[in-house]
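The following pair of complexes shares a single chain, subunit A, combined with subunit B in the former and subunit C in the latter.
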Partner chain A sequence: MIDFTINNQKVSAQPGWTVLETARYYGIDIPTLCYHESVKPSGACRLCMVELKEGDWSKLVASCIYPVQEGIDVHTETERVNNVRRWIFEMLLATCPASEEIREMAARYGVVSTQMPVHDPDQNCMVCGLCARVCEEVVGLSAIAVMDRGVHKKIGSPFLRPTDVCVACGCCVSVCPTGAMQSIFDTVRGKPAMEMTQLAV
Partner chain B sequence: MSNVSEALKIEDWRLTSAEDLKALQKQILSGRDPNRPEIVVCHGTGCLANGSEKVSDALRTALADAGIEAKVMPGIKTTGCQGFCSRGPLVLIRPGGLFYQRVKPKDATEIIEKTLLKGEPVKRLLYKDPASGDTILNEQDIPFYKLQERVVLHNIGKIDPTDIADTIAAGGYQALAKALAGMTAEQVVEHIEQSGLRGRGGAGFPTGRKWRSALKAIETKGRPVYVVVNGDEGDPGAFMDRTIMEGDPHAVLEGLILGAYALGAEKGYMYVRAEYPLAIKHLEVAMVQARELGLLGENILNSGFSFDVRINRGAGAFVCGESTALFTSIEGKPGNPRPKYVRSVEEGLWGRPTILNNVETWANIPLIIGKGPDWYKKLGVPHSTGTKVFSLVGKVNNVGLVEVPMGVPVSAIVEDIGGGVPGGQPFKAVQTGGPSGGCIPYSLKDTAVDFDSLTKAGSMMGSGAMIVMDEGDCVVDVGRYFLRFLEEESCGKCLPCRLGLSRMREILDNFSRGRGSEQDIEDLISLAQAVQDGALCALGSSAPNPVLTTLRYFKDEYLAHVNNQTCPAGVCKELITYTIDPGLCTGCTSCARQCPNNCISGRKKEPHTIDTDQCIRCGICRETCKFDAVRVS
Partner chain C sequence: MYEIANIGVFLCRCGNQIDPHIDLKTLEQTIAGSDHVGHCEILSYPCLQPGVDHITQQIIRKKLNRIIVAGCEGRLMNKKFEKAFADLELHKGQIDMVNLRGHVAAVSDQTAVEKANKSAKLVNAAIAEMTAMRPTQQTMAKIDGPVMVVGDGIASYTAAQSLAQKGIDYFLAVSATDPEAVVRHLHCSYPGERPHYDRIKKIVSDAVTSTHATVIPPGKLTGLSGVTGDYTLRFELDGEESPIKYKSGAIIACLDAQMAAPGPEFGYDGNTVMTQPEMEELMWENGAPKGSILFWVNDDETGQSDFAQLSAITAWHMARHIRECSTHTQTMILYHQDMEIPLSASERVVNRKLGILWIPYDKAIQPTVQDSVVTFCSLTDHVEHELNWDYLVLSPIRLLGKETAATAEILGLVHKEERFLTGHHAKVRPEMVGREETYMAGSARYPCDLQESLNQGRRAGTKTAEMVKNASEGRLRVPRVVCVVDPDLCIGCGQCQELCDCGGIGIVDGTRGGLPRVVDPMVCTGGGTCAAACPYHALTLQNNSNDQREARVASLAGQLAQDEVMAIGCVWGGLPAADNAGKKGLKYDPRVHILGVPCVGQIDPCIMARALMEGAPGVILVGCLPEECHHSYGVDHAWSRVNVIKKLLTLAGFNRQRIALAHADLNKPEEFILTVESFARTIALMGPIPRSADNVEKLESIYDLIRNNTRVRHLLSAGLRRPWEKDYRGDQRHALEYDRDFSAVLEEEYLGQRLVRILADQRQALRLADLAAVLKEDEAHVADCLWGLVTDGAITLSHENREAFYSFMN
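And then the complex of A and B:
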């Protein structure tokens, strides 16, 4: 067992666990969006940032990918952590304003409005890529992927054309943290999901 | 290959020992007359763009036309970048080092007839020092060169990079031969550790410690392991690595082979951005020649050690210069960084222990092994040993490539070597470290240029771009420029970088229009902090540096934008107006004819006026005016 502290509370973790897994085991709250236990963590949404203190020195790490180490001093609610968290919620409220899930989650952490400009009021995808990872790692297909880069990054099928690779299993829809996949889903096969499901049967 | 190699039949050589290499070097040198005149034409990318290929062609023709006897036939050699880019195309006459600048093809005949045949210089092609007004004959007397210490660049400008005979004559591959003949892999790593060499790619991580960690990782993980060259130089204004790859490709290759020997790697990669076609070409030529001679490939110098390299071209993503993104790119996946909580020396390329070093770092390795760590340590300062190559650009007289020992003050580089700002005013600030670095204001001009001092001043060494700014540069505009660049180049995987940088740029856009408040400045700082803390890789976490350092040293200028709606540097278009000083205007009509919006009016020989409502603030009138009558306020 690996012993360390989270918010000054003594915790023990199995070797190979991450800080997030340990915190969840002990019921310590850390918000996440792109994390799902069925796939490898990617550290994209950065909501799970925690502060690692070592004397006067400290650094922020993504708890979903940070492997536990003996004696580390983890804090989940410091000023620096909260600053990152607040700004990420503001970014999320601006980039996927149509997502009910994001609004509720941000409100739980005290962020109800954003000073950032909203460019697309209908957008609800935050491009965390969880859907694509599930499709690749769990379903084994990669019918969808994250494409392009920077502010142009988006989710879709190859060349944004309907693809037969998709089997309409719906895994991506069920893991999507913002509800965006419901609308993207139909464009992947180019046919309504209902029709697809009947074909599969 | 050049005539030299053909005459030697270098292809017939397959070197099997250090003695063989020495014998080859001796043979090449014995076939050369040190007094034979040599015309050296710079074929660096900068000079090529200025037409140096035509200059060397014209020189060849002129030489043939002059009908000189074969016995004293001068050679024409094309080399990599000689460094003084703003004066290109450059031509040097050796021995002696007579330095001609801004040479045109039409000057070729005169150079041959006057200089080579009669021994007289062509006066109009000589360099005139703007500071003293003196005309200087030889390269070594020009302040730009005199004050430098060329260690990594020692061969560049002297050797033909496409001819391995030149490299071998200059002592190339001797360090490799020495290591293979008499050093264990452990000793190679020890040498690098003792030298104090720190990575030249930006962060300055001790190279020896990196190699040591890789050896440790190999103990548990075994082989294969990889050595990789990071040649994805992408900082705006940076061209150090390009110059080294173009001008002395064998130095990079030799360093890499030494690294491979130290680690027991059988395969290496050179990741070079596709925008550097000449660098790729020269590296490819170097690899072919090294293989032919038995310096690369199977059983190098009969030592039993085999190693080979391949070149991967980067497809134009700045983020692929980040180590983990570079690995995923070589692996054929999109160039997205992964978190580095498990370090690359343990899990790098293909998940295997990997040493990734920057081009300049690799080029330092043969020097350390060849001359010993004690020699190397004497260069520079205790915690930053060796020299550093900088590309000096921006508002500076002598634009070009400079190499200085670590620890010299900023002012020595900008003012003594660079010749200061055109016009003679002090510089306003120097941006080091490119878009990830920060600015050093004039008040800190004595800051030592080493890893730790620059970090303390809020900037960083970075890969070596040095952008000089004067009073005509607006810090808000500079911040916008770098943020726009990074916003485009962000991979977009993590939210703080993808959206945070956009937001930071939007706030600065507002400032440049005179909108915003002091609260916005506070928000900008808090957002910058969130991006620094929250971003996944070094691209994002260092992206706020230019803004944060300019806020630290030039906050007044930000306040002028938001509080007074003025841009003190006269750059932000929405905050400035162009007017004509009637006392200075001679009515020459030049500005009125140049104005793209036709909004300057006035009669000949009478003062002109600008219609400020129509004016698009392009500044052409100001550039055109010979009487300095156009004012910006």
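And then the complex of A and C:
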């Protein structure tokens, strides 16, 4: 048993648990985007940042990949944490302004606009790579991957062409936190052999 | 220990995504009282490590042997649970999930208690399935005997070389063992590959001289029996009377495509106008020819535009060799304007140096072959130009040779809809198939150059070696959800084998017909349309059996209210569409209850009948898009099965729209909603089937008929077809005749079924008039049917006071 506190509440965890898992076990809410229960955490979106206090000094860590330690003092709703969250949401609003899901979530945390420059107003992918991780860990394939580096980073199949590796299981669509995979998916699995007429929704 | 289910049900709060929407406390109380539920509990996040640890403790403490997690998508989470509980003897199939979040919580505006009620129905159905489940032990595959490299393709040598390097014994069935001889005839399948000849010689001598090699004469493959790990292959040799048998553990097929001459419109004569392999032969015999040589990449004209680049690079290699041998020879390559020149930068440098001309032609006008001249329309000026030739070299027609096709057929590599042996049709997750892939290499798989063929051979060899190593170390798992045949029930009709899309069903011994079938568990993808088609229920999908699905469907159908409908979605189409609808928070009719199955093709028609019998007002099957079935034909077969239930409903006087088949794309949840809502509305208008004794008897007869009547089941599975198939078998010459005949058989058998049921229930002899009155049918009609039953021996006829009495004698 490892005992520590989250928001001054005493909690105990088993070795191997992360701070996020422990918090959720005790019903403490920490927002996440790139986290999914079916795969290993990667700490890509940084939205799950929490503050670890040690005396006068404190540090911010990504709770989804931070293993629990004896006696740590975790805070999930401090000024510093909220500030970081706001910045992350502002950056996300600039990265993927077309994502309905991101806009809704940001609004819940009081962020409705961004100060950052928006390069592509139609972008809805935040390039967290969750889809690629699910494809690899859950499905056992690598039909999609994160390509390129830095600002050119994007998600897709090799050469952005439909691939035979994809079995069209749709796991990536189901986990995508921004709803971007819905359009990317069709470029990965390819066109269906027989297209049915689009229904008037 | 596994036979009796002790089920643990864990209800997930999922943060705030399930808890306030569904009254979990009520749900827990409902579930905890159910039979076979050893434990029921609400957890915050059962899927996170704390939750998994908690469930583990409960499994140990309460000796749970089945787990149901009611939370979210099983497609995503099952694997994590399977991994976590593998040490506790809980494997795939023993862990099930119900998507409360996606199918209940998010999709309607019902109250929390109403939603708990709906959830209880779905969870109870899952409990019924788990109770009916008979888990098998996890087995490991064994591979006995050397690997057989068969087919005599050039890839045989690289496959063999890789096996030799990994220390695996193999049989090498090749016609040539002398490296020189191999190289001498290589151009028949792979023209223009001279630069590789030295390498090939080395590969051949390695493969043939290895201590692991046993070279056998290739002969003609006439038979294959057994399963992965224990095959018997039979070869027929010229001059030998009886075939030679070889025992082998694994097979690598190395087959090359054949090259044929194009038609007369290109002026082909084999002397001056020839194909690329023939030019190579000429070069072997006479050396590089002199004069002007024109290569025409005419694949577009012969309908093989996919292989134009391959032919072009072959032509270039040959032209290059000719130019290097004799600088006086002029070489030109005439090509279709849409084709990109397949040369690398360094090859372009060589090309310039050697002065090989690449001449594109306008695709609007096909070049014409004349004596010593080919005319073509130039792209630069639209003028008809002429090219002189002394030799005109055409692209070969690439096709599967007759012998290759026969061998491939025996090895189970042929798929009806493909020109080449492109491999598996099933698009499933890798863990669903024991053998990662079909070990096949060579240009018969798909036309390719020598390098690609050799690579494929090397890959097949390495992968097979890996498989054999894994098997010898006891690490090669047999997938858990595969078909097994009960040899006592199987009569060897072979319909399953015809339907199987994965090639996993074979015969026990070499001859055809009348012998029980056997399933290769390493090849079976668990599609299960074969099991649903078996007239005798001899095939079972283990860990995902017909009984399980029937129990689940029956349980849900029994709980449905009068206006509620059941939607059975396949895990590749309908189910994920429903999941995604829930994820996006789309609202739809809460009367729709969704069940998941791995493929709608698995649903035996008796399950559809059972659902209606148990009280479901309507059942809709939601499968993949047409031609997108992941088990190739499952959705097409489901169509035929739905259709037979529709016919029976009409016969019984019910509305045939109570059962339907629909197609869904997982990426279009909005359309899925339209589908299920439209069905729910149709059923709401119809109302439920009144549960009068008469109606119940009719529904039970339908169920009995479709479950136990082998004539109907035979006819149904023999008639399973794909929408575009043109030939009708037997006497039925067209669609209508087939349909009418089928309806007539159904009518006859349905009446017979009802008569037998009534006589069996009454336990006394009845007169014709009484029976006709009970059934409300025409007397003459009933008399015919009774006579048929008497001659079949199903019922007995006795006379009393000059009146005929019919009775059921069991």
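Note that the second predicted complex is superposed on the first by the 191 of 201 C-alpha atoms of A that agree within 3 Å, B and C clash if a C-alpha of one lies under 4 Å from a C-alpha of the other, contacts with A are read in each partner's own complex, and residues count from 1 in each chain.
Note that a contact is a pair of C-beta atoms (placed from the backbone, for glycine too) under 8 Å apart; a residue touches a chain by one contact, two chains touch by 3 or more.
The structure displayed is predicted, hence computed values, not measured ones.
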Fit or clash between subunit C and subunit B when superposed on subunit A: fit
Contacts of A:25 with subunit B and subunit C, given as first, second, both or neither: second
Partner chain(s) touched by A:17 [first = subunit B, second = subunit C, both, neither]: second
Subunit A as apex of subunit B and subunit C, Cα-centre angle in degrees (nearest 10): 110
First (subunit B), second (subunit C), both or neither touched by A:171: second
First, second, both or neither for A:139, with subunit B first and subunit C second: second
First (subunit B), second (subunit C), both or neither touched by A:185: second
Subunit B versus subunit C as contact partner of A:62, first or second or both or neither: first
Nearest Cα pair across subunit B and subunit C, whole Å: 18
Contacts on subunit A seen with subunit B and repeated with subunit C across the two complexes: none
In the complex with subunit C, residue positions of subunit A that touch it: 13-14, 16-18, 21-22, 24-27, 29, 36-38, 134, 137-141, 167-171, 173-175, 179, 182, 185-186, 192-194, 196, 198-199, 201
Contact set on subunit A toward subunit B in their complex: 42-46, 49, 60-62, 65-67, 80, 83-84, 86-88, 91-92, 94-95, 115-117, 126-127, 129, 146-153
Contact footprint of subunit A on subunit B as seen in their complex: 317, 319, 334, 338-339, 341-342, 487-496, 498-500, 502-503, 506, 523, 526-527, 529-531, 533-536
Subunit A-facing residues of subunit C, complex: 15-16, 44-45, 47-51, 53, 73, 75-77, 79-80, 427-431, 571-572, 576, 579-580, 583-584, 625-628, 630, 663, 665-668, 670-671, 674
